[in-house]
Structure formats: C-alpha cells, structure tokens
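Here come two complexes built around chain A, the first alongside chain B, the second alongside chain C.
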Partner chain A sequence: MTNNANVAAGQQKLRSKRGHERRINGTIYTVLVIMSIVWLVPFVFLVLQSFRSYKLEKGGMVDYLIPKTFSLDNYAFLFEGSNFFSWLGQALIVAVAVAAVTAVLIHVCGRLLDKGEGEGRGTRVALLGGSLLIGFVALVGLTMALQGFALAGSWVKALISLALFVLAGWIMARVYLKQDSKLLRSIPGYVVEDKHEGLKKFCAMFAEFGALALIAQCILAPMTMSQYVRWYGNTLTIALFTSVIQTVIVLSVSYALSRLRFKGRKLIMNVVLILGLFPGFLTMITLYFLLKQMGLTQAGAVPGLILIYCASSGMGYYISKGFFDTIPKSLDESARIDGATRFQVFLKIIMPLAKPIVIYTILMAFMAPWGDYVFASYVAFGHQDGYNVAVGLYNWVNTNDFQNYFTRFCAGGVLVAVPITALFLALQKYYVEGVTGGAVKG
Partner chain B sequence: MASLKLEHVKKVYDKNVVAVHDFNLEIKDKEFIVFVGPSGCGKSTTLRMIAGLEDISGGTLTIGDRVVNDVEPKDRDIAMVFQNYALYPHITVYENMAFSLRLRKMNNEEVHRRVCQAAEILGITEYLARKPKNLSGGQRQRVAIGRAIVREPQVFLMDEPLSNLDAKLRNQMRAEIILLRKRIDTTFIYVTHDQTEAMTLGDRIVIMKDGYIQQVGTPQEVFETPRNLFVAGFIGSPQMNFLKARLVKNGGEYFAELYGVRIAMGAEKSAKLAAKGVGGQDVILGVRPEHTQLVFDGRDGTIEGTLRVNEMMGSELHLHVDLADGTSVILRIPTLDLTEEQRRGLIYGSKLRFAFPEKVTHLFDPKSEESLLF
Partner chain C sequence: MVDLDYLKMSKPQKMLHDLGRFFTGLPGRVGRGFMKLGLNIGRCFKGLWLSVVDLITTFRDGDWKTRLSYLVMGSGSMARGQWGRGLLFFLFQTVFNLYMVNFGMAYLAKLNTLGTVATEKVGRKTVYGDNSFLILLYGVLTLFFVLAFIYTWRMNIKQNKISQQILASGRKLKRTKDDLQSLMDSQFHKTLLALPTLGVFVFTILPIFFMILVAFTNFDYNHQPPAKLFTWVGFENFKTLLSSGSASYGDTFKQVLFWTLVWAFFATFLNYFLGMFVAIMINKKGIKLKKVWRTILVMTIAIPQFVSLLYVSKMFAADGLINTYLMKWHWISQPIPFWTNPGWARFTIILINIWIGIPYLMLIATGILMNIPADLYESARIDGANAVQMYGKITLPYMLFVTGPYLLTSFTGNINNFNVIFLLSQGKPMGLAGNAGHTDLLITWLYRMTVSDTNYKIAAVIGIMVFVVLAVINLVVYNLIPSVKNEEDFQ
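On to the complex of A and B.
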C-alpha cells in the first residue's frame, strides 16, 4: 500500500517536473519567435516595397505593407540604359559552348593518350599535342563566330582571347591527366571516391570558362552601364580585390607568426595588438589627403578604397594564427623532411587543412568593403562614378526626391543582399567543418 | 646509405638551458642505432638536430662526407617517422606516400612503382585510396613508415614510432621493423624510451641521461657490463637490485660483505679490481633479479628476507622481498624451478632465503656511481 503511494507520489513529482520544463520551453520559444519576427520584419518590408511600382503607386511612405500590384518596375529602372543582360547572356553562351566542346575534346585527348600508353612517350606527346591543337583551332573558330570577332576588329583583342582559351584548355588537360589517367586507375584498390566527381569536374570547368568568358567579354564588348550597375560594379571590384589581397596578407602573416620563431616576434604581435585597438576612423582625414596626393579620390575612388581596405589587413592575424596553432607542427616538419620548402608546406599542406579559416577570412574581407559607407562616401566625395552601392543608394533617398526613389532604393538593397547571402549559403558548411582528422594520433 | 659522424654536438635553448652536452658518436653505414633514455634526456633533440629540425648550437654533424650543420632538412636526404605519424590528412594514403616523390618531380611511373612496392612491403596496398582518418593506429603507423621508405633515403630516422600503439600491436610492429630493416638495408637511427625496443632492435645502443651519453655499446655489452649505476638500472626489467656492501681484499681475492654474508668475486673480477688498484671500500652491489636463487635447504651464505609482494607472471614469479634494514629486493624465479609446495609457501610475510651467484654481480662506487669492473 505504502509502496503504491510512493510510486504515485513519484509519478506526481515527475509530472510536475515535466510541466515545469514545458513551461520553460514554452517561454523560451515564445521569446525566440518574437525576436525573429522583430528581426525579420524590416527585411520583409524591404523586399515587399521593392515590388511596389514607382510609376503606379507613388510615394515613399504608404500606409499599407503589401503592394496593391506587384511589378518589377524598380528592378527594371536599376538596369535602365544598361546592356547588362544581353552582355551577360553572350558571355554565358560562350561559356556553355566552350565548356561543352572542351569537355568532349579533353575526353578524346585522354582516350588517345591512354591508347598510346604502350607506345613511346614521343608518340603520346604528339597525339596529345595534335589533338589539343585541333581542339584549340576549333575553339577559337567558335569564339570568333560567337563574339562577332570581325566587329571587335582588333588583333590585340583577338590574341588575348586566344591566350585565354589556350590557357583554359591547358589547365583542363592537366586536370584530366591527373585525375583520370589509366595510370591512376591501375592502382589496386584505387576507386573513384566520389561518384559525382565527373559532374563536379564539369561544373569546375564551366565555372572556369564562365570566368574566362566574362573577362573576354569585358575586353571584346564593353558594357554600357546605368548608374546602379556602375555602383554595383565598383563595389564588386573593390570587394573582390580586397578579399583576395587581404586574405593572402592575413594568412601569410598569421602563418609566419604561428610557425616561425624570429627576433621581435612577440614585440610585433603586442604592438600590432595595441595599434589595432585604435579605431580606423582616426586616420580618416590623413588618409584622404594622402589619397588625394596620389590622385586616388573622386574619379580614382575604386583603387583608392582597395588600398585603404588592404592597408592594415595584416593586423587581423589573431584568429587565423589561433587556427594555425591548432594544426600540429609535426605536419610542417614532416613535409619539410619530405623535401618541401616553407612555401610549399604553406601551400600544399597547411592551406588545404586551414580551409575553414581561409573561408572565414575571405568572407570577412569581402563583407567589410561590401557594406562600407563611411570610407566610400568621403573618398568618392561627390563624384558619382566613384560611388559604391551603399553611397549611391543613400544619395537616392537623401539628395533626390525621397518619395519618388524610396521603392527603387529598396530594390537596390535587395540586389545588394543577393551575393552575400549566396556566399554565406555556399560556404557556411566549411565554417564548422574541421578537416584535420587523422593527421596525428588523436 | 651513409655513415654519420657527430662531433661535440651541442644544443642550447634560450642561451642557458643545455639540452645536449658534447655529443660524440660515429655511426657506421647501414648500422641500426638506438638512442634510449628517460624523457628529457636529449635523445629526441639529438635526432631532430640530425634531421635538421633544430639548429645545432655547437659541434659538427657529418652525413656521408658532407658537413650538414646548415643544410635545410629537405637537402639532407633523410627520412623521418614521427611519434604521432604526422600524416597529411587531406590526401589519400597513396598521395601521402607519393608526396615527397612528387616534390622531386619524379615521373609518374616511378612514383607508382615505388609506392606500390612500399605498400606491398608494409601490407597496406588495399588502403591506398583511403584517407588517414579512416585508418587504425597501426595502419597509420605503417603509412608513416611507408612514406619514409619510398624516399630510399640515406638515413632513416624514427622518433618513438611505436609509443602510440597498444602493447600487442607494438610487439608486432617491433618484429616488423626488424624484418623491414633486413629488406631495406640502410642506416637507421631510432629513438625510444623503452629499453625492450632498444635491446631488440639496435645493433648498438646509445644510453642518454640529462643530455650526456652514458654508454654506447651493443645490447649484450650494455646489459652485461653497464658502465655506471644509471645504465645498470635502466637496462633490464625488472630493474637491477642495488645493495650496500663492503668490499674486502683478502690476499689476491676480493669479497663483498653484506648482511653478514660473504660473496666471493671470483678470479676474473678480482684481477680487474686489482688492476684498478681498488682496496677495501664501501660499494654498491648490483644483482639482476633473474640472477638470484631461492634457497630452501638452509645452506650457508644466504640472505634472509620477508616477502612483501608475489607477482605471478606466468612462466616466472617476481618476488618483492624486504631485507632486515628495509632495503627492497626483487627476485625473478622461473616457476618451473619450484615445487608446488614451495610455491604455496610464498605468501605475504613469509620468511625466505636467497643467494647470488658470484659471476653475475656488478660493483659500483657509491660516490662516483661508476662501475668498478668496467
């Protein structure tokens, strides 16, 4: 009897405990839901407003959230007077065509090469060279046809585009030979680990040709730009250059500080740490005058801004140095004994292992100039062609007719968010993914 | 394949911490040398200096005919196996092993041939396409060794390669290293803190302590004629017993007196002692546990003790015995030598008597800790 009573009491207790937990969870979820709504509302508002036509539903502030008619007028305005889409379309067509033709050619070359395995080296090289040459001639013919080469009309341009495609073909031939040759496949136990490897290879190839086609397009057929496209282009140029340069500098500095023992290492780290505590804006006026003397303000704002953003990048070494410190030193030592120079160790061993931190550094280096307003606004200082998107859009709602430009401002904002969102979605898995498993006894 | 010469090699850290003092050693071509010693004795530092991973603070290091003090590791033509394997985690086993060859721009056929050959020697052919994280500890160790083999280096360095493996695997890998050494005939330098590994692998053993070489010799030599107290205690398991005794000279013969027992040193040792001019003095008598005998028949010249611990090791017993003055002695007695009844009598607190055969006793000077018989 008492036993049963005890059990009952115990169950009662358990139930009340569960109830308590449920209440706490309920509260937490409620708070989280409210917070996410608070966070999301401005974005939803921005996106919705960007679809409200500036022609049909005038006015900056209206008393309804959802536009009466959805239209793409605002977006159309952003690209008005620019041949951006046809320009991009051309480049895409070139990229697709060239990638497809190359894929076929590379396969043919590879088969020929494998067939020639039993024969002498000379024969194989001749086979490869011959087939590649034929391939390139075909490629150039295709490019010329697609680009309306006759219209471009300059031998320099033709040579540059030729060089680009030769380069691409050469890279792909190497990739093919490395990954798919008979030699590798003859290793017992060698299996293609990833069954999507072929697809991935093709995607990589396409991306490569896409990039090359874009460069070729820039040379062969210049784009006429609307205001917004120009600003966007400025921002993209600044952000890309900055992220590349800054990443290289930051990673080299942190690797050196993590691995090399030299005189004054501690001192440098401390001094840089203290210097980094001063806000960058302190130097704003000085920087402006320095840039002005070099002619890097107003019309020269883009290179000027790249210079500013990259200038002190070595100072952000802490995080990546901390990461490098966690990669066992014996890997470096092992590689050095295996015959690698310091630079080869860095490139071939450390870089692949430091992928998360490389991604992080690239993202950070890309985002800072992408969203920067302060430096961009005073370096460009009134010169519209030197604006980045943030400054340009601000000017729309500030100096121009606010009521008229508000929805177009929203559309511009939405487009600014696109690449950064895509970058994050694509790269976020590397954020958490460590790849050092199995290096040393762990 | 090369000989090595270390002359007055020294390592000083931070201007005042000396890790290795005046290291002198000549290593012959194709010799298997083992550096052994407790942790912090400078053995790994010496190895790393040979590899080029640490600067040499003084002295000269010669590999072959070339002084390599200031030569980069990659140009020394050496290979090294690390304690923690140090495999490149982002590439397959095949590429791990091919890494050094690719850096030397060797052609693909040759790389393939060498990697496959090494993989076959080590029995890791079926793992070639895997990444290191998908391998067990023993397999990783094999890959690490394979990575060194493919280089066909002049000198093969191994830094405690087995210390991360479990006991069974360690014994197996030890045997494999002996076989490996027969197949790839080159100079080996092997660092370990495990005296069993040192004894079984080395042609010669270098015993180190606090940055000084204590003794260099074949396993037989260091076991039978340890130069000092440290070497005597370090080599052999369980450790050698050390007992305070008094050396007495009686005519041309020497005796050790301890616990009222007189042990004759025999003619050979007496001659050595006489040649050194040793008189009567306090000494430390060293007796290996396996060189002791249990005595049950109450004959003369035996020492009495109280049994504290009886460790049954299977084929033998390890008896920890306390003597009258509290000194602890370990006896190692083959189980087969005892009758069932005698064995049952060996319980905690029981009195027993034991003796030392004279020919295997060692004598050390208590002050200098050097052997009097060396």
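On to the complex of A and C.
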C-alpha cells in the first residue's frame, strides 16, 4: 500500500514539475514572440511605406501605415534616368558567355594535357603554359569583342581590366593547374577518382570566371546613372576596396603582434591603446585638409574615403590578434624547423587556419562603409557625385522637403538593407565567432 | 585585516572593501607611478648620454668609412659593399636635406608665432601672407621628420660600428640579397608593419598631435586661415571650457559630461544584463526554434544603422507613426514629446539603444554560456538550488569574470557612440550654452563644434577632455580587474 502511495505521490510531483516547466517555457515563448514583433515591426513598416507612392499619396508622415495602393513609384524614382537594368542584363549575358567559353576552353586544354602525360615535365609545362595563354587571350578577346570595344579613351579602365585578367590567369594557374606532381589530376575534366569532383571544379571555375567577367564588364560598359545609383555604386566601390585592403592590413598587424616577438612590440601596442582613447572625429579637419592636398575630396571622395578607412585600420587588430593567440605556437615552430621562412609560415600555415577570422574581418570591413555618414559627408563636402548612400539618404530625410522624400528614403533604405542583411545572415556564423572571441579575449 | 575575515564577507561587502582598498591605495600607487615615470625619464637621459658617448667613441675608433658616414649617411655601408642599405640611407638623407632647405625650414622657423604677415587686399588683388594652419601642420610634420632623421642617422652610425666589428672578427657582412631575404624571415615584422605604421602615423598620430596643439591656439571662425592668422593663447581655451561664467562653457560641459557618463552606463549595463537574460531564455533546454529567435534579433545588427535608426527616429517624431496611432486610438490627446522634451529624449534614446544593443550581447553571452561546464548546474540542482540561485552563484560570476574586458571596451565605445545619438536626435533638444543640446554626448558636441560652428579650438579641448575621461576610467578599471592586463594568460 505504502509503496503504491509513494509512487502516486512521486508521479504527482513529477506532473507538477512538468507543469511548472511548461509554464516557464510558455512565458519564455511569449516574451520571445513579443520581442520578435518589436524587433521586426520597424522593418516591416519600412518596407510597407516604401510602397506608398510619392506621387499619389503625398506626405511623409501620414496617419496610416498600409498604403492605399501599392506602387513601385519610389523604386522607379531611384532608377530614374539610369539604364541600370539594361546595363545589368548586358553585363550578365556577357559574363555568362565569357565564363562558358573560357571554362570549356580550359576543360579542353585539360584533355589535351592528358595526352602529354607520358612525356617529360618540360613538355607538360609547355602545354600548360600554352593552354593558359589560350585561355587568357580568349578571356580578354571575348570580353572586349562582346562589348564592342567600349574601352576607347579610358586608360584607367583599360588598366583595371588588364589587372583583372592577370588576376584571372593567376587564379587559373594557382587553383586549377597546381604545379606539383598532381598537375594533371587537378585539371577539371581529367579527374578520375570522383566523377562529381570534376563537375564541381567545372562549376567553381565557371562561377569564378563569370564573376571576373561581370566585374570587368561592369567597369568597362558605360552606364548612365541616376543620383541614387551613383551613390550606391560609390558605396559598393568603397566597400569592396576597403574590405580587401583593410583585411590585409589588419591581418598583417595582428599576426605580427601575436606571433612575432621583436623590439618595440609592447610599445606599439601601448601607443595604439593610447591613440584609441582619442575620439575619432577630433582629427576630422586635419584629415580633410590632408585629403584636399592630395585632391581626394569632393569629386575624389571615393578614393579619399578608401584611403581614410584603410590608413588607420591597423589599430583595430584586437579581435584577430586574439584569434591568432589561440593557434598553438608549436605549429609555427615545427614548420620553422622544417625550414620554412616566417613569411611562408604566415601564408601557408596560419592563414588557412585563420579562415573564420579572415571572413569576419572582410565582413566587418565591407559593412562599415555602408553606415558611415560623418566622414563621408565631410569629405564629399556637398559634392553630390561623391556621396555614399548614407549621406545621400540622410540628406533626403533631413531636408526641408523631407515630407516629400520620406517614402523615397524608405525605398532607398530597403535596397541597401536587403543585400547587406542577406550577406550578414549568410556569414552570421563567422560574425558570432569573431564577436564572441573578441569579447572573451578583450 | 585577516584573510579569513575577507573570505567571510558577502559579495557586496567584498566589492566595497576592494573599492575602499583601491582608493586608500591610490596615493601610494600614484606616488609609485610618478617614481616610475621619474626613473624612466632618468633612464631616458642616461640612454641619451650613453649614445652620445657611443657616438664619440665610434668616431674615435672608426675607420674612414665610418667617419665619412657621420657626414654622408650610408657611405660607409656602400664602401663596404652593402649597396642596398647604403643607398637607402643616402636617399633618406638627400630627401631630408632637400625637404628641409626647400620646405621645412621656413615652416619650422615660424612655428613659434604661427605667422606674422596677415593676408591683405591691395587694390582688387589679394596678397596672401602667412597661413597659420599650414605653418602649424607642416611645422609639426617637420619636427617629426627631424626626429626621424636623428634616429636614422644614429642607426646609420650604429650599423657602421657593427659592420666594423664583424669585419674585424673575420666574418662576412650581409649582402643586399640577404637583407631582402631577411625581410621575409627574421625581419618579417618590418614588412608586415611598415605600411600600417605609415598609415597610422600620417592619418592618426600627426592629426592628433596637430589637434592637441590647436587646443592651445585661437583657431576658430574669427581666425580662419588663409584670410586671418591665428596664434598661441596658452591655456585660454581650457579655461573657457571648464570655468563657469557667461562667456564660458563650464556649465554646459558639466551637463554634457554627466549625460555622457549616464548614457554610457545605461547603454553598457542595461544591454549587458538584458542581453544575457535573452540569451539564457533562448538557450534554455526545451525551447525550440533557437536559430529563428536568434536570427530575428540579429536583424538590427545586419541592417545598416543609418537605415534602421533614421527610420525609427522618424517613427517617434511628433507626427510619426507612434504618436499618430496613439492619438487615433484616443490613448493620448497630445503627441508625446519624444524628441522635444529633454527627459523624454534621453529616455527614448536609451530605450531604442536597447533594441540595437541586446543582439550583440545575446550573441556574446550565448557563446560564453555554452562554455560553462554543465556539471556545475547538475550538482547545484542536486543540492536543491533553484534557477535564481544558480544564476546568481554560477552564471553571473562566470559571465562577469570572462567579459570583464569586454565591459570596459564597451563602456569606452559607448562614450564615443556617435551614430546612435546623431542618427536619432542629433543632440536635440537644443538649449545649452555653446550650441549644445540636451542629448549631446561629448563626441557629438565636438562634431557640431567642428562642422557647423567651426570652433576648432574648443573642439580640440573637448577631444582632449574625452581622452582624459577615458584614460581615467581605463586606468581605474585596469587596476581593479587583473584579467584585463594579462595578454599571455589567454594563450
């Protein structure tokens, strides 16, 4: 009897405990749902208002949320007077064509090389060089032919595209045609072990050349821009260059301070610590003057801003240094014993391990220029062609005519927010890793 | 006090005790700091003296190559076959000489007055005189250049001495090729740091030095070069900012500083605890869709602040969505003065900052919470601890210990948190002396001083004050939390 009573009491207790648990979870769910609503509501509002036509339903501040008619007028305004879409379509077609031809060409070259396998290394290298050259010429020729030699008259553009093609050749050589004994095996289409690997490599190559051709085409093809498209282009250019240069600088500094021991290391870290305590905007007029001396203000605001963002970026080394600190030192030491120079250790041993922090650094450097108002507006100094999106849209909201421009600001904001948010969410994992590591290691 | 007594105390008592000890120990520590400083200065002078002695002895013992290097930098290296180094030294000297003769000397000479010849209008022509701005900037640059030159010159002589010793002992000198190779190996740090250091020097150190000097001049809207000259005024601007009176900004400064600290406190700690709370909720066992909740919250980090904050600031405006809807539903009859009443504005800013700030802390706390050993909680549960006790005894101490350094950087960051204030309220409502608003932080005030008021001298002083405030906070915290200091502990 007593036994049964005990069991019953135990079950009762368990049930009440479960009920308690359920109640707690219920509360938590309620809180989370409310928070989610609060977190998302402004963005939903933003999107809704961006569909309220600035022509039909005038006024920025109205007393209703859902537009009476959904229209794309605001978005149309952003692209008014720009041939953006036809330009993009052309670029895409060109990029796909270039990528297809090049990829097939290299594939065929790989097959050709296949026949030279039995012969000496010299022949193979010669074949390799020949196929590279063919691929290279094809890439250049095709891009130029397809856009009807739009090159004429712009040396800068010509140089940039040349650099891109060199890059393409380099990537080809490094990634697809490795110089070691696996030379032939690494060529797409040749691979024997895994059927899909060849396909995967082909796809990767296709995507890579497609992207390169797209960039080349974007730079080369003429586009008439509306104000907004120009601001967007400015910001994108700044973000791309900054993310590359800044990452190189930050990684170099943090690697040097984390792994190498030299005289003055502590001194550098202390000086950076002290410099970091000065507010950034203190030096604004001096920076403006320095840039002005170099001709990098107003119309030259884009390179000027890239310079400013990158020049002092070495001071933000903390997080990546914290990451490097966690990689065991024995790795370096064993590589050093095997005869690697410090440069080789950096490039071949540490960098592959540091992928999360590299991506984190790139992501941060890419996202920062989208939100910068202060320096961007000061350097552009009222010169509209030098604005970035933040400055342009801020001015729309803070003009006297802001009632009229408010919905257009919403549309412009949505077009900025969507790609950036998508990028961020895709790379969220790396962001979390960087932020957590940085917070823990200080 | 006996150690045992200390151990018996409760947490708050311990904290009070620590703080008390910190302040009673302060004079001693400051004294020791000064002693250390004195010793360091002494060591500096000793080092200087030693290098002068070294210069003399090197000259006395040196061969003609070394001696020639005293006059023509790099000549010794070149004569010994180290062409790369020698050429670099020589090039540096040539550039320096050309710079000084053609450019630097003129500015350096005027640095003490910042220019005397004013710009005048002769007839319809403007005859430009001195430009104080250029004199100050290039004067500072020249000073740095001279210091760099002296350092390089000294290095050049040291090199000669070493080369001479190596040759005397019968070994071979490094060739240019070896030098280049060592840049990728034993001297790799130089390769890595050369460009970043140059960038930081030109775009951070030089400007900061320049602005610190501007704080001691009367550079403002009435003294704008090239039309007008400005000159040194000593501590005049510090007096203007710090003393109270009709013509000075003392009262404003106090109010702005107070609000800056209050803001930084709330922005840091409110977000910290709320973020931790949210992280604990999401990470609780049995809660589903963890990833979804996290992703939703993270949206405020992902979307550029100028979009989200500008939009939200308009939402809270007098004719914004919130007020219009509340009035439509007849909950209020007057719009709530979110941005026009000082108290409301401050409250709204802190509130909206929670919206922006919680996700960061949630992410950080999530990472750390997962690292807390689960058996700690298990044993606590067996001992009959409830959720609150476990939080107070396990979670919170662990979090505080691990994120101590983060709290410090976060507090520092919030004192300089320009974006939130600027995009939400621009410092409004205005109404303080010195064109400051009730929600202005020191940094936004500084921004307005620079951009719209062109009152550079006061802006420079505010910048220095921000530095002082941050330096004091950092020093105090560094002394209180030992885990901030030790870099190698985490390795």
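By our rule, the second predicted complex is superposed on the first by the 324 of 442 C-alpha atoms of A that agree within 3 Å, B and C clash if a C-alpha of one lies under 4 Å from a C-alpha of the other, contacts with A are read in each partner's own complex, and residues count from 1 in each chain.
Keep in mind that, in the parts below, a residue touches a chain if its C-beta (ideal position, glycine included) is under 8 Å from a C-beta of that chain, and two chains touch if they have at least 3 such contacts.
All values derive from a computational prediction rather than experimental measurement.
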item: Which superposed partner A:312 touches (first chain B, second chain C, both, neither); value: second
item: Touched partner set for A:275, first chain B, second chain C, both or neither; value: second
item: Winner by number of chain A residues touched, once chain B and chain C are compared; value: C
item: Which superposed partner A:379 touches (first chain B, second chain C, both, neither); value: neither
item: Chain B versus chain C as contact partner of A:296, first or second or both or neither; value: neither
item: Chain B versus chain C as contact partner of A:349, first or second or both or neither; value: first
item: Which superposed partner A:330 touches (first chain B, second chain C, both, neither); value: first
item: Chain B versus chain C as contact partner of A:238, first or second or both or neither; value: neither
item: Which of chain B and chain C A:339 touches, first, second, both or neither; value: first
item: Those residues of chain A which chain B touches in one complex and chain C touches in the other; value: 341, 435-436, 438-441
item: Sites on chain B touched by chain A in the complex; value: 51-53, 72-74, 78-80, 82-91, 94, 99-100, 103-104, 108-109, 112, 116, 125-129, 131-135, 137, 140, 147, 151, 164
item: Touch list for chain A against partner chain B, complex; value: 181, 183, 186-191, 193, 328, 330-331, 333-341, 344, 348-349, 352-353, 435-441
item: Residue ranges of chain C touching chain A (in the complex, touch as defined); value: 133, 137, 181, 184-186, 188-189, 191-193, 195-197, 199-200, 202-208, 210-211, 278, 281-282, 284, 286-287, 293, 295-308, 310-312, 314-315, 317, 319-321, 324-325, 327-328, 355, 360, 363-364, 366-368, 402-406, 408-409, 412, 416, 418-419, 422-423, 442-443, 446-447, 450-451, 456, 459-460, 463, 466-467, 470-471, 474, 484, 487, 490-491
item: Chain A - residues contacting chain C, complex; value: 21, 24-25, 28-29, 31-32, 35-36, 38-40, 42-43, 45-46, 60-63, 65, 249, 252-253, 255-256, 260, 262, 265, 268, 272, 274-275, 277-287, 289-290, 307-308, 310-315, 322, 325-326, 329, 341-343, 346, 367, 370-371, 373-374, 378, 390, 393-394, 397, 406, 409-410, 413, 416-417, 420-421, 424-425, 428, 431-432, 435-436, 438-442
